[in-house]
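The structures considered in this document are given below.
Below are two complexes that have chain A in common, paired first with chain B and then with chain C.
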Partner chain A sequence: MSARIAVLVFPGTNSEDETFRILRDCGGDVHLVHWSHAQTLPTFDAYVLPGGFAYEDRIRAGAIAAHDAMMDHVIAGAQAGKLVLGICNGAQILLEAGLVPGTAAIRRPTAAFTGNGPVPHFVCTHVYVKLAIDPARCAMTAGLGHDPLIPAWTANGEGRLAASKEHLQELEDGDHIAFVYAHEDGSVDDSASPNQSALGIAGLCNREGNVLALMPHPERDAWTLNHPDRRRGAAMLAPSGGAVFFRSFVGALQ
Partner chain B sequence: MRGCSNRAAHPGHRLADVAVALRPDELARIRERLGREPTLVELHAFDAQWSEHCSYKSSRHLLKKLPTTGTAVVLGPAEDSGILHLGEWNGERYGIVIAHESHNHPSQVVPFEGAATGIGGIVRDVLCMGAHVIAVADPLRFGTIDDPHSHQRYVAQGVVDGISAYGNAIGVPNIAGDCYFDSRFDDNCLVNVVSMGIVKESEIIHSYAPRRADGWDIVLVGKATDPSGFGGASFSSLTLDAQDEDSNKGAVQVPDPFLKSVIMRASYRVFAYLRELGVAVGFKDLGAGGIMGCSAEIVSAGGYGAKIDLEAVNVAIEGMRPEVIAVGETQERLLWVVPPAVTPELLRIYNEEFTLPEIAYNARATTIGTVTAEKRYVLRYHDQTVMDVEIDFLTGSIRDDLPFTEPTVPAATAERPLVTGVQLDELIERVLAHGDVCSREPLYRRYDSVVRGCTVIPRGAGDAGVLAPVPGSSLGVALAVAGNPRMSHIDVRLAAEHAVYEAVRKVAATGARAIGLTDCLNFGNPRKIEHYNDLVAAIDGLARAAGRFNSPFVSGNVSLYNESANGRAIPASPIVSCVGAFNDIATVVTMPLKSAGSVLYLIGTPQLALGGSVLLDVLGRSDEHLPRIDYDATIAQHDLMYAAAQARLFRSAHAIGNGGLITAICEMAFAAMRKGRASIGAQIHDAWQWTHGSVGDLEAYFGEAGGFLVEVAADDVEAFEGLADDVTGVHEIGVTIERPVLVVDDQAFDLHRLHSIWNTPLREVYP
Partner chain C sequence: MRRAVAIGLKIPDNAAYTALVTLRRLGIDVARVERADIVRFADAPDEATALMAAVERDESLYNPNKHRVTVLETDAPRVGEVWIVQDNVDRPVGWRLYRSPDLPADTATLTQAAERLLCNPAIERAIFPK
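Now for the complex of A and B:
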């Protein structure tokens, strides 16, 4: 029996369908699990928290959802070694839940995705993210191969990673910085980040490597038709670009 | 008199004291028909239902001129949205649901909330047809925004933030829009909103009670009714008076996209349940006129009456007056008409599975009344009948025949090419920095253009937004908006034709075939003859162009009284949106230049008519001559666009509009600029070589007569020219080159510099 993936739907989640589709297209046995069915979550083998505005992003993005009953099950699963992936709002929730970087107590965040810089407005723009750890460091990135560059869309108002100097140091020392923003040619500099995120951080993982928080959306550049530079005559319905990331995730479960 | 004892308005009651906009002659009609004084509730009900906003009393008979039928029309303008046939996939017929309306008045008073509730309302119009909502678009018209402390700047910022906050939160991509800045919108901004949905044609839900619905339940869903938005319908049918600012603000509703997001998802679940049952029901958005307007329209459209118990309505505060519960326009509400056997599961899905009462205070689905065979509309409150009228008298079409005359149209005269003495380099820079030309990226990057994962062309990458709305299928849909206020004050009929032409042209530029249109007609006070003349002429122009382009109107909206108390009216603004279809999304064409060494063609014919152009505006000149539309030539050009896109002969394409050909070339090059990528520039032959002197250089480079600029790879030139053989107006005008420069004749312009000029102006407003 193949591993079962739950895509969680909180009140206010809005990216569940495309996240579901790409996981399914990559061969995952994937199910949408809605907040009023939280009690079914322990039966799943992996959890994916999609984008959106869970609980309206009240207080801070992810702050309320981190205390939702669904997160009790996700936290228990993460501690038991299950794979947990959060994208955009899902990433914000994982940080607020303290699962990533996971260096302090549960629900005691040491870093947060906060209001974008230089101006704290919603920004929707195409980006690339680059793996900044050894692929084998995280189970779900192990299938990415060396030096992968993944196309994605950033679409958030609070995507800038912020943490104290000590905690940023901890992220670097503990090899938690899984993804950084990059240019299309793979180069990395300050201008690659759309929001002045600290250290150009686009994604963070926990110490054990089973929980990953990724701010941009690879599922929105996952089929050829989504990609701005698709070649003429390309098979528009074929997975592409961002699908590589989800294939690696599903691969880690097999 | 049928037991209407409660709170009758006093005879001779001053209408101003009860804050209604009914005219004395309308009130007299009501008194006569009822045979008594109306109750306060009835007064407010007629006020809302007979407002211009609900009744279209001065425009409905004019709108009959618009073509509304055709092979692609699944549902014409009769319900909350129109539906166009998109195509078939796996034996299923798919329809595109489309609605278009305005939220001008509220947005001028409280921009963020006004614009946000505009998105909220238009989305419900699409949802209630049984559709999944797949896109929104936002044609905007603002005043001058140069002064950072002006109300106009505040409006321009607040509106964009409101649209962004609402659309992003509910997870519907914003894929199209346009934006103009003009001092004539200083007192009245225009916030038009368009929404699109996808539905299997076999699963459409209608906005009327179906056959044999006598005794069915009327179920209200959504936010607890509160006093916000009381008097909204008549508010938007009056001119704006600054003195009434506070009461105007109270007429604007409060948006709750978080609740809407949950209601949408719960409704999708209900759709699935109804599909299993195979039962026809009615579903309708609550908009103007609140519970009263929606429930009266949904039952009367099916030939029924209704009996509603206002006490059953879930309210946000106790002690609300019955007229406020009945006609208040609280957002985030919808209304179902369902057989009683369906009601328990409907309530369970909304209230338990999707936990509405936990999402917002006292939000829920609740049964509030019954459909009746007797065609009366009855409201009960605390065991008293507070309204009891013939439903057809309430909802039936009332009509105002207002006087109008033919607007004067500038006579065509022989013209000569424009000669300015201004250098081309200076003109290019001033045109690119013009408010109607410069980059909209600072604005649209605040909109989520890609949520749902179906976006093929997001904002900024093409003239129309394009989606693949049925995952796993090759079907595609394009959406574009248009309407140029610089043209409409010269000749509103021709400007309306141009609005259709531009919307169709933008869709054609992506390789789609236009299948239908919607419109929003934004005008001043129709009781002033000059504005009513404009409305009559605009509808005439829309009808003519839509007929020629074989693109029917399937939905639309009329927004009148866009005028401030001091009599300043907006320029006549017919705004059009166009839906295009792709059978195979692989034939889509985008805007960025793709490679050096391609051949550039102009498809279109420049004219000696610069009236309404950006060029004349930057030169501070005016001219009464708008470009004419040669329909035969234009239709042949659009056919060529479609055929060449089908044959995949275009590397890129762009519709020519504001700022003309030079602007189009620059925008195609700008869109291709990316760090770490070789730049692509363009070399344009001297205009004489392709105009042969029929127009001057300035008309050729900056004229806004329309047409397309297309990039054809050198290998495809022969095939393209073969297709273009019989089409008039196809001119080879240059090539793409490997340097970031635009070369016009023998002058070279640095594209990075031009990009910075084009890219900067709106950044200060939308940092």
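Now for the complex of A and C:
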């Protein structure tokens, strides 16, 4: 029996369809699980928290969802070694839940994806993210090979990673910085980040490497019709660069 | 004169209700939650009514169909209230918690609510009543 993947739907989640479709296209046995069916979550082998505005971002982005009954099961699963991926708002929820970077108690956040810089506006733009750890460090990236460059779309008002200087050092020392923003040629500098994220961070993983929080959306550049160069004549529904990431995720479950 | 006003909703406040439900889920004993944007003025009129009138004339702050304005006695949280100040954001959010419909929460309850839900210390700080 193949591993079953749950894509969680909180009130306000809005990226579940594209996340479901690319996981399915990559061979995953994937199911949407709504908040009213939280009790079914222990039967799944992996959890994906898609983007959106869970609970309308009340209090702070991800703050209420982090305490939802669905997260009780996700936290238990993560502690048992199941794979957990959060994208955009899902990443915010994982930080609020303390699963990422996982250096403090559960539900005691030590970092946050917060208002973008230099001005706190919603930013929607195409980006590239580059793996900043050894691929084997995180189960979900193990299939990416060395130096992968993943295309994605960033679409958020609160995607800038913020943490104390000491904690950022801890994240660097502990190899928690899984992805950083990069240019299309793979080079990395301050101008690659669309939002002044600390250290150019686009994604963080936990100590054990089974939980990953990724701010931009690779599922929105998973088919050529979503890629900025779609007018060059490629087949509309051919896999695009973002699909590589999800193949690696599904591959980690096989 | 340095003063502050609390601008809350007179229509149902869904965010405050969600906070109430979540705090109860965390085992924190609260009966009611009020939320308000706190707007601080460095050079406000001495008379509360004059300040209130100035705020009510500012359409970017106040909509008479939606908001309720309270001029605070001091430029600090009221009894039972914690202010959450986010980095790079001028206006704190005031969360006023009640143990019963009319009894403001004590400092221990406020501290627990801030630490467990209302404040992310990576980007925010909590200011408690003196």
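Just so it is clear, the second predicted complex is superposed on the first by the 250 of 254 C-alpha atoms of A that agree within 3 Å, B and C clash if a C-alpha of one lies under 4 Å from a C-alpha of the other, contacts with A are read in each partner's own complex, and residues count from 1 in each chain.
We adopt the following convention: a contact is a pair of C-beta atoms (placed from the backbone, for glycine too) under 8 Å apart; a residue touches a chain by one contact, two chains touch by 3 or more.
As the structure is a prediction and not an experimental result, all values here were calculated from the model.
Undergrad: Judging by the criteria at the top, classify the pair chain B and chain C on chain A as clash or fit.
TA: They fit: once the shared chain is superposed, the two partners occupy separate space.
Undergrad: Have a look and say if chain B or chain C is in touch with more residues of chain A.
TA: The partner that reaches more residues of chain A in the superposed model: B.
Undergrad: Using the superposed model, determine the angle chain B, chain A, chain C defined by their C-alpha centres, to the nearest 10 degrees.
TA: 70
Undergrad: On the A-aligned overlay, A:Pro228 touches which partner chain: chain B = first, chain C = second, or both, or neither?
TA: In the superposed model, A:Pro228 contacts chain B only, not chain C.
Undergrad: Applying the touch criterion given at the start, work out whether A:Val119 contacts chain B, chain C, both or neither, answering first, second, both or neither.
TA: first
Undergrad: Which partner chains sit in contact with A:Glu56 here, chain B, chain C, both or neither? Use first/second/both/neither.
TA: Both partners, chain B and chain C.
Undergrad: Just chain B (first), just chain C (second), both, or neither: which does A:Arg107 touch?
TA: Touch status of A:Arg107: second partner only.
Undergrad: Which holds for A:Leu41: it touches chain B only (first), chain C only (second), both, or neither?
TA: Neither chain B nor chain C is touched by A:Leu41.
Undergrad: Give one of first, second, both or neither to describe whether A:His167 is in contact with chain B, with chain C, with both, or with none.
TA: second
Undergrad: Enter the shortest inter-chain Cα distance between chain B and chain C once the structures share a common frame, rounded to whole Å.
TA: It comes out at 6 Å between the closest C-alpha atoms.
Undergrad: So which bits of chain A does chain B touch that chain C touches too?
TA: 55-56
Undergrad: What part of chain B is in contact with chain A in the complex they form?
TA: 164-165, 168-171, 257-258, 261-262, 265, 352-355, 358-359, 444-456, 458, 461, 468, 471-474, 585-586, 588, 590, 592, 648, 651, 674-677, 766-767
Undergrad: Under the stated contact criterion, what part of chain A meets chain C in this complex?
TA: 55-56, 58-60, 63-64, 67, 96, 107-112, 114-115, 120, 162-164, 167
Undergrad: Show which residues of chain A lie in contact with chain B when the two form their complex.
TA: 9, 11-12, 14-15, 17-18, 21-22, 34-36, 51-53, 55-56, 118-119, 121-125, 153, 155, 183-185, 187, 191, 217, 219-220, 222-223, 225-226, 228, 232-237
Undergrad: Can you check the complex and tell me which residues of chain C touch chain A?
TA: Against chain A, the touching part of chain C is residues 14-15, 18-19, 22, 25-26, 86-89, 115-118, 120-124.
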